[in-house]
Amino acid sequence: MHVRDMISTHPHVRGNTNEALIRCIEECYDCAQTCTTCADACLGEEMVAELVQCIRLNMDCADGTATGAVATRLSGSNEAVIRAMLEACSPACRLCAGECEQPAQAHHHCRICAEARWSCEDACRKATRSMAH
Amino acid sequence: MHVRDMISTHPHVRGNTNEALIRCIEECYDCAQTCTTCADACLGEEMVAELVQCIRLNMDCADGTATGAVATRLSGSNEAVIRAMLEACSPACRLCAGECEQPAQAHHHCRICAEARWSCEDACRKATRSMAH
Amino acid sequence: MHVRDMISTHPHVRGNTNEALIRCIEECYDCAQTCTTCADACLGEEMVAELVQCIRLNMDCADGTATGAVATRLSGSNEAVIRAMLEACSPACRLCAGECEQPAQAHHHCRICAEARWSCEDACRKATRSMAH
Amino acid sequence: MHVRDMISTHPHVRGNTNEALIRCIEECYDCAQTCTTCADACLGEEMVAELVQCIRLNMDCADGTATGAVATRLSGSNEAVIRAMLEACSPACRLCAGECEQPAQAHHHCRICAEARWSCEDACRKATRSMAH
């Protein structure tokens, strides 16, 4: 991805980047893709009926990546919105990770997804802290 | 829109609808469309340079409508995520409405958009309350 | 929704609205909501394993509603993109409608969704025609 | 991103990956982020009034990344929808790249964005070909 390259050339940034926010944006876009795959892979498993909650939380989490787009906009004073979106993304990731790592869910895609969700949740928390006054 | 028709036939709802949540979902989808038009209409105005903040807040607000999709999913226990998304949607609407109703912004699209944003903000708050324990 | 109100105040439209495009935009946003509900309602049905294809096509169709946002932007010369998006939305609706109306799928949400998909497909085709040279 | 890792563990893929499609999915998600930054960076430039068309095409292109989500779903027989979405994504990228590389647009973010859009357009075309019968 080109997140750092693009954001560092933004006229309101000019090289003075917030590394925590950049990592968080990367994680959010990755989250959209990972969760969309995990939901679809779960739909393809024979035991789909036992994976319903996992599919749903993956879909919520994929929608939560609107956070990545909001956090990408830096022209104006929208810190309140970015912070609120980051605070919505965290529980979505946490719930999804918790479901994906259930021992019953031996699926490889769920294990990769759980790890990626904890990483995204961590990135959201650090980005929130980096913006706190 | 078919929000009530669809949600009332959901197997986990069976007619026992939460009217505050239904209104909120309708407002969120309307918000996506209204804000996308307002941002584009502002881009088409001669005085675009003075409308930059309005355009940006409209784009954040349009992304915030991921809230509508999350609130639409009722199969699982994702109340924490719905609530967090509603709490992110409210400030996005408030900021956008405040900017759109600046007296300087005499544009008709901004005035309609401001009114619609207050209505969406109100719907989000009432939906949050309807889900509180 | 405020589609006509908003679009008719756009500086590049000024009341000279394309009614076929307005109807199509309304249908696309409705489509996003209807398909998201139908996918989630299917996930909540006991026979979920038989509804996998319906869930998937609903999710594709919900994503296809990016068409609504693209068709909402009228400031610039993006007719080629609008037309291509409309041509992608049509088969998504057609496939989804066809699956939702399978006789086996006696679910009420699938029946409402199928009807709404045919209506959206019709709106996309008419909007395409309204833009043809 | 985890695109290859996730898709190769999908029960309908099982390691038998389509490399052209994987690259295309990565490009589409990158496209969403790059175009969102470029639109916002253009909004932050003093000469914003001259960048209106660039901003709009970037927003269309960012919406076009719904293609990435559709192409990520492989459980069912939705090749027709994937193909149609790829064919909508290509002109969106082409138009956006053409605008971003105008000599007048000396902004660094536009130059990076133009290069990324040509790369995404190429990936979409190759993915289409990889799926052709």
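Order of writing sets the chain letters: A, B, C and D. Residues in each chain are counted from 1.
The rule is short, and it goes like this: a residue touches a chain if its C-beta (ideal position, glycine included) is under 8 Å from a C-beta of that chain, and two chains touch if they have at least 3 such contacts.
Owing to the predicted nature of the structure, the values given are computational and were not obtained by experimental measurement.
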Count the smallest number of chain-to-chain hops linking subunit A with subunit C, moving only between touching chains.
-> 1
What angle, rounded to the nearest 5°, describes the rotation that places the Cα atoms of subunit B on subunit C?
-> 180
Counting C-beta pairs in contact, does A-D beat A-B or the other way around?
-> A-D
Farthest from subunit D in C-alpha centre terms, which chain would that be?
-> B
Euclidean distance of C-alpha centroids - subunit A vs subunit B, Å = 21
Shared-interface residues of subunit A (touching two or more other chains) are 40, 43-44, 52, 56, 59, 69, 73, 75
In the complex, subunit D residues that touch subunit C | 52-53, 56-57, 59-60, 63-66, 69-70, 73, 75-78, 80-81, 84-85, 87-88, 90-92, 95
In the complex formed with subunit A, which residues of subunit D make contact?
-> 1-3, 5-7, 9-12, 25, 29-30, 32-34, 36-38, 40-41, 43-45, 62, 68-69, 72-75, 107-109, 112-113, 116
Complex contacts: residues of subunit D adjacent to subunit B = 39-40, 43-44, 48-49, 52, 55-56, 59
